[in-house]
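In what comes next, chain A is part of two complexes: it sits with chain B in the first one and with chain C in the second one.
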Partner chain A sequence: MDLLNINGLEIEFPSRHGTVKAVKGVSLTVQPGEVLGVVGESGAGKSTIGNAVIGLLEAPGRVSGGEIFLNGEQINNLSDEGIRKIRGRRIGMIFQDPLTSLDPLQTIEQQLVETIELHLKLGAAKSFERAVDLLRQVGIPDPENRIKHYPHQFSGGMRQRVVIALALCAEPEVIIADEPTTALDVSIQAQILELMRRLCKDKQVGMLIITHDMGVIAEITDRVAVMYRGDLVEEGTTAKILGDPDHPYTKSLISAVPRPDVRLHRFPMVDYIEKEEDRKKTMDISTHWLGQARDFDAVEGPLVSVENLVMKFVAKEALLKRNRKFFTAVDGISFDIKQGEVFGLVGESGSGKSTVARMICGLYTPASGAVNFGDTDLTKIKSEKEMDYYRRQMQMIFQDPFSSLNGRMKVMDIVAEPIRFHKLASSNAEVESIVLDLLEHVGLGRQAALRFPHEFSGGQRQRISIARALATRPRFLICDEPTSALDVSIQAQILNLLKDLQEELGLTMLFISHDLPVIRQMCDRVGVMRAGKLEEVSETEALFTNPTATYTQELLALMPRLDTLSHEGLEVEGA
Partner chain B sequence: MLVTGHKMDNTINTSRLERFLDSDIWHSFKQNPVAIVAFVVTVVMLLGAGFAPWLAPHDPFDMVAIDIMDSSLPPMWMVDGDPRFMLGTDDQGRDILSTIMYGSRISLIVGFSAVIFSMVVGITLGLVSGYVGGKTDAFIMRVADIQLSFPSILIALLIDGVARGIFPSNLHEELSIYVLIFAIGISGWVQYARTVRGSTLVEKNKEYVQAARVIGIRPGTILRRHVLPNVMGPVMVIATIHLAVAVITEATLSFLGVGVSPTTPSLGTLIRIGNEYLFSGEWWITIFPGAALLILVLAVNLLGDWLRDALNPKLR
Partner chain C sequence: MVSFLFKRLLQSIVVMATVAFIAFSMFKFVGDPINNMVGQDTSQQERDELREKLGLNDPFLVQFGRFSLNAATGNFGYSYKFQVPVSEMIFERMPATLELAFVSAIIALAFGIPLGVYTALRREGFISKMIMSLSLVGVSLPTFLIGILLILLFGVVLRWLPTFGRGEVVEIGAWTTGFLTTSGLKSLILPSITLALFQLTLIMRLVRSEMLEVLRTDFVKFARARGLPNRSVHFKHALKNTLVPVITITGLQLGSLIAFAIITESVFQWPGMGLMFVQAIADVDIPIMAAYLMLIAFFFVIINMIVDILYYAVDPRLRASDGS
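Let's turn to the complex of A and B:
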């Protein structure tokens, strides 16, 4: 008998726009001691399955067909009371964000011991003993003392360990983990996954792990189920799915994962989900407005160079200047970006890489240091008029496609705004025809101009952002984590687009990312940042094959190993 | 992404009306009977007031038509009632229904103007305060705090008193309505400023504002074109509820005799006039204008409450 058996599950969300079928007849099984991964992109319905199993579907969602069995006992038709007895007791849960899944006002002891007493009907002393034992098992040092602490006294990774202890404390038969490591830094992700896998084997618990991340799948799962828009498209052992997938969607998904080990020319076969409108290759850039000779001064040497850049934020406000406390986000950074080069900045969250970008484009004023564009130090320019000349030459693409476009403006006006502001076209008709060409050029149709941003998906919005950035005909483009909010297949498309545009227009680029594989695909040279300092700058290939700084070596060692992934259809650069 | 999918193919060239009919606001309105009733009542009262010269059965300002013999008649369904005067007449023989219609006209004009005045002042200061920050922000918000520590009716009374002192009495009659609008308007800007400042603090850190700054757009244009449209939602909610408050404040001031001049009937002056006859048995002179005020304010308030809920994503 299967431990967890989901049979022909159908889930729908009725709304006034019609009923959305989120899950369409999915069947899965989990055996004791087995880790089953459910992978898919946003909207695939993977989290919905997890929620349905524990009876926590968000209203108005409902199970419209199929059954769920736990150890042979049907659980999808239980009363609220019935499912509550199973939830936590027989099915444990681990959620994405360790910050919000613990009660901040209770100590770990209160939360753990209470849960154990409730579910296992043990006395206070026994429960405490068990709680300490559990914390030891999940790798919390000095558990006798640490158990008295509040959640905020633990780091993110430690907190997720506590969440795992909480999920395990009632000795559940099945654990459902929904994106358990997405909120954590890479270094911690590896440890947590290892821990989860070991506990699952030791205790013979079945685990259903829901994720969008192929790295997680590769590290922890025994079997994988691939979901696409509510359908289970493929299921099999992890080695089979990753190494030799059958379904075109799985192939497309795997080919879109950025490789840490090789540099690709382009990502192939990535149009399964969101077809680009045909990017008209017939448009001749050299004669079009977009590629016309620009009135910029020629620059000898590097296009952009920063010298000893320092940025301080006020950490504690005080009336007197000398009493203020500062936090140094960027601490004396210098690097050059050559013309036509893609320069990468990589580092973990909080390392100051975005702050550098914002200082270069003038959003922040550095505390000291210089930002040289050609021969001009931008930090010395006082007049707005003079600055406009440089603003026109550099544009920025932001991280979050949902907040980077003004929802009250039509796409036409969003993309036209820089052209109108800098008076780059003589008539309104010309502005509009340029915008239409631009939209077409970034892979959106011309009709996009008449719509509002909310009518587009994340990837399409990022294309609009790119069109807006290109609308000043810049020669320097700053991309601040341009794809980290996107699904992997959309990320591949956007990276392809940026690569194409960069080559076509000879753009110089500053590319910021926390994701090393993405950096490897995009950049010519890379700077590694840590705590506001630049640890190392070198050619991309040299950095990946032969890192000099110890920090870089650590980072590289922590990258998820994806060498089992299928190489079908990939064009490796230089091979 | 899943939900937006259905829109992609069919609605490329939607008109504003079509988009409104498909919006969540309209949908929530259709499903809320309280909102519908409140809306209908508000519209009926607005129309009644707006078209008073054409709709009212009598002209209370036409001295020729007023007959002192008709004074203090009770509503028509009572024993001494006259079918010509549905809600009875006042001490000078004016039709109560007609005076209410003319009176609510003045009340609404004062209410709307005061709200618009408050909005302009409050939104501007709120945007500047939130966007510029620092000392400017501190100054504007402290002024707002100081003003909040006085009851708004006191501020209105104070302004009215000062105005009486400044202007000669012959001018005062003419100007009284403007003074009233200013007094009510200035006492209400704080709410707008605080709300707008809060939303501006959120919006200015969003990436679309930063994108505009990278393009080079100047702060004034950013505030007008980018920030303002995105902070208007909560402002509309406050404005609706503020309209009800403004109408009440006008009535209160007029009742106290410091509002519009006694010769111009507003709901407040009508209630005040009737108040003197309340204990001599002629209750209709004051009760009906009072009821009209109550219904108007209640309807507008309910509409505001609904709008607040409809615009609040957490309650949806």
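Let's turn to the complex of A and C:
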């Protein structure tokens, strides 16, 4: 008998505009001690399946067909109370974001003991013992003391361990993990996946891992199910799916994953999803608006160079200045970016890479050090007017496409704002025609101008951000994790767009990412950051083939191994 | 925490000094105090003597300094009209206002929070929608109208409750209380409901929207996924997380309950500070007005301090962080 058996599951979301079928007849099984991966991009319906199993579908979603069996017992038709008794007791759940999964106002102990008491009724002393023991099992050092702490006193990785401990409270038979490592750094991700795999084998728990990340799939799963828009397109052993996929969607999904091993000229597109419809207009820079008025001061040598940049944040306020405690986020960093070059900064969260970007474009004022743009030290400029001249030349693209656009402005106004501010066009009609043209160049089309940001998907919004950044006719672009909030196929499109624009316009770029394969595909030279310091700066290819710093070697070793991924027959399509 | 409180204390002193300055300038600019004190038949010489005696010829800063020092020790001089110390008058009236505000706050919290939770949990229910529509009335009807309607219904038509005054009061030391007699308690009902209604609807709507927000968070979903029963999810995890904004608003509202009891006190002829203040305005009795102003500012400052300390009690993230 299968431990978990999902048979012909159909889930629909009735809405005013008709019913949306989120899951269309999906059948899956999980055996004890087995890890089944469900992979797909956003909107594939993979999380919906997880929620349906534990009876937590968000309203108005409902199971409209099929059955779910847990150890032979049907659970999808239970009463609210009946399914509640199964949740946590027999099926544990782990969510994506460990920072928001725990109640911030209760200690770890309160949350663990409450859950253990509820399911196992051991009594206070035994429950506490079990809670400490669970923390030890998930690898939290000094559990007797740490259990008294509140969630905010743990790091992201440690919090995810606590979340796992909470899911394990009552020795469930099945664990459903919904993007368990997406919010974590690669090194932490490797540890958490290792922990989950070990627990799964030791306790003979069946595990259903829902993810969009092929790296996670390759690392931990025994079998994989690939989903696309509510359909199960392919299922099989991990080696089979990654190494020799049958379905064209699986093939193109795998090909879109940035390759850590070889640098390709362009990212292979997931052509199964995006037909070639949004092919962008190419431009002739000599006649195009973007190419005009590029009469910036000629610069000899590097366009941007930073010297001994230091940034300190106040970690602990105190009444007297000298009693304040500081946290040094960036600790004496120097590097040059040549004209027309894409310079990458890579590092884990908290390494200070975004802080560097913010100091270069003047969002933060460095504690000491210089930011040279050409021959001018930007940190020495006092007048706003003079600074505007340089602001126009550099623009920034942010990570989160959902919060970096003003939701109350139409796309037309969002993109036109920098043009109007810097007075780059003589009339309103000219501004509008420039905006429409820019929108075409980033592959959105003219009709986008009249809509509001919320009408667009994440990838489309990032295109709006790019159009906005281009609107000042910059020569230096700072991209801070421009694709880490996007699906792989969308990521491939955006990165290709950035590559094209960089080539066409001869832009100089600072490209920040935590994702090494992406860095390899995008950058000419790379700086590796760790705890506010630069560990190593070198040519990208040299860094990947022959890293000198130990930290870089560690990072490279932690990259999810995708050796099993098939790239045969795909390079031709992609290259 | 200590440095934070110290900073807050300094800020409070600045606030109080500013209010003192405004209160003091009333003496200077709202009419001539001598004219207000003496009768028509007082001679110019007598007036000058009085002026000298009261120190009104001293330089501005000296007068302000004297006023502030006196105010700090609770001495606000004599009422122009009644010729008794203002502090005495205020202290006599304070219990009435504080008791009224206290009962109103209890009513507002005791009904506002549960109703807010209920309407958030049963968002689509018929009763919730009824409550939400009715709450609009509470927000939009002016206090005096509600008071008059209540008097008309319960005082005049039904004749259940008294329509004015505090009823019988019992003296406990310097404090007079209406809590210990039936007529005192009965008299409290209408004015306290009138005063509470607006705050009640405000707190209810606030709790509701905060609850809806918290119920969407991941930790609530994770609590459900662990099989915790609704009771625990709603009250142990969700409600507690709504408290920080609720405490902020409630604190400020408690201040305005005391400060703006004026209208309610006028409608119900409640012998509190608000009524005294209204009468003082009519009489241009500036010492009373100044003292009232200072006192209300003082209440607000104190309440704000308490609110800040409560944040620390509720939210562990604000406490000095140790660990990693």
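FYI, the second predicted complex is superposed on the first by the 474 of 575 C-alpha atoms of A that agree within 3 Å, B and C clash if a C-alpha of one lies under 4 Å from a C-alpha of the other, contacts with A are read in each partner's own complex, and residues count from 1 in each chain.
Here, contacts are C-beta pairs under 8 Å (C-beta built on N, C-alpha and C of every residue); 3 or more make two chains touch, one makes a residue touch a chain.
This is a predicted model, so every value here is computed, not measured.
*Asks:* Of the two partner chains, chain B (first) and chain C (second), which one does A:87 touch, if any: first, second, both, or neither?
*Replies:* Only chain C; A:87 stays clear of chain B.
*Asks:* Per the contact definition in the header, classify A:187: touching chain B only (first), chain C only (second), both, or neither.
*Replies:* After superposition on chain A, A:187 lies in contact with neither partner.
*Asks:* Who does A:368 touch here: chain B (first), chain C (second), both, or neither?
*Replies:* neither
*Asks:* Can A:405 be said to touch chain B (first), chain C (second), both, or neither?
*Replies:* Only chain B; A:405 stays clear of chain C.
*Asks:* Report for A:43: first if it touches chain B alone, second if chain C alone, otherwise both or neither.
*Replies:* first
*Asks:* I'd like to know which partner A:167 touches here: chain B for first, chain C for second, both or neither.
*Replies:* second
*Asks:* Report, in rising order, the residues of chain A that make contact with chain B in one complex and with chain C in the other.
*Replies:* In chain A, no position sits in both the chain B and chain C interfaces.
*Asks:* Quick check on the complex: what are the chain A residues that touch chain B?
*Replies:* 15-18, 20, 22, 42-43, 358, 361-363, 384, 387-388, 391-392, 394-396, 398-400, 403-409, 417-418, 421-422, 447, 450-451, 454-458, 465, 468, 472
*Asks:* Going by the contact rule set out above, which residues of chain C touch chain A in the complex?
*Replies:* So the residues of chain C touching chain A come out as 3-4, 6-7, 217-219, 221-229, 232, 236-237, 240-241, 314-317, 320-324.
*Asks:* Write out the stretch or stretches of chain B touching chain A in their complex.
*Replies:* 1-4, 6-8, 12-13, 27, 206-208, 210-218, 225-226, 229-230
*Asks:* Please give the residue numbers of chain A that touch chain C in the complex, ascending.
*Replies:* Going by the criterion above, the answer is residues 54, 56, 84-89, 92-93, 95-97, 100-107, 114-115, 118-119, 146, 149-150, 152-155, 158, 163, 166-167, 169-170, 316-319.
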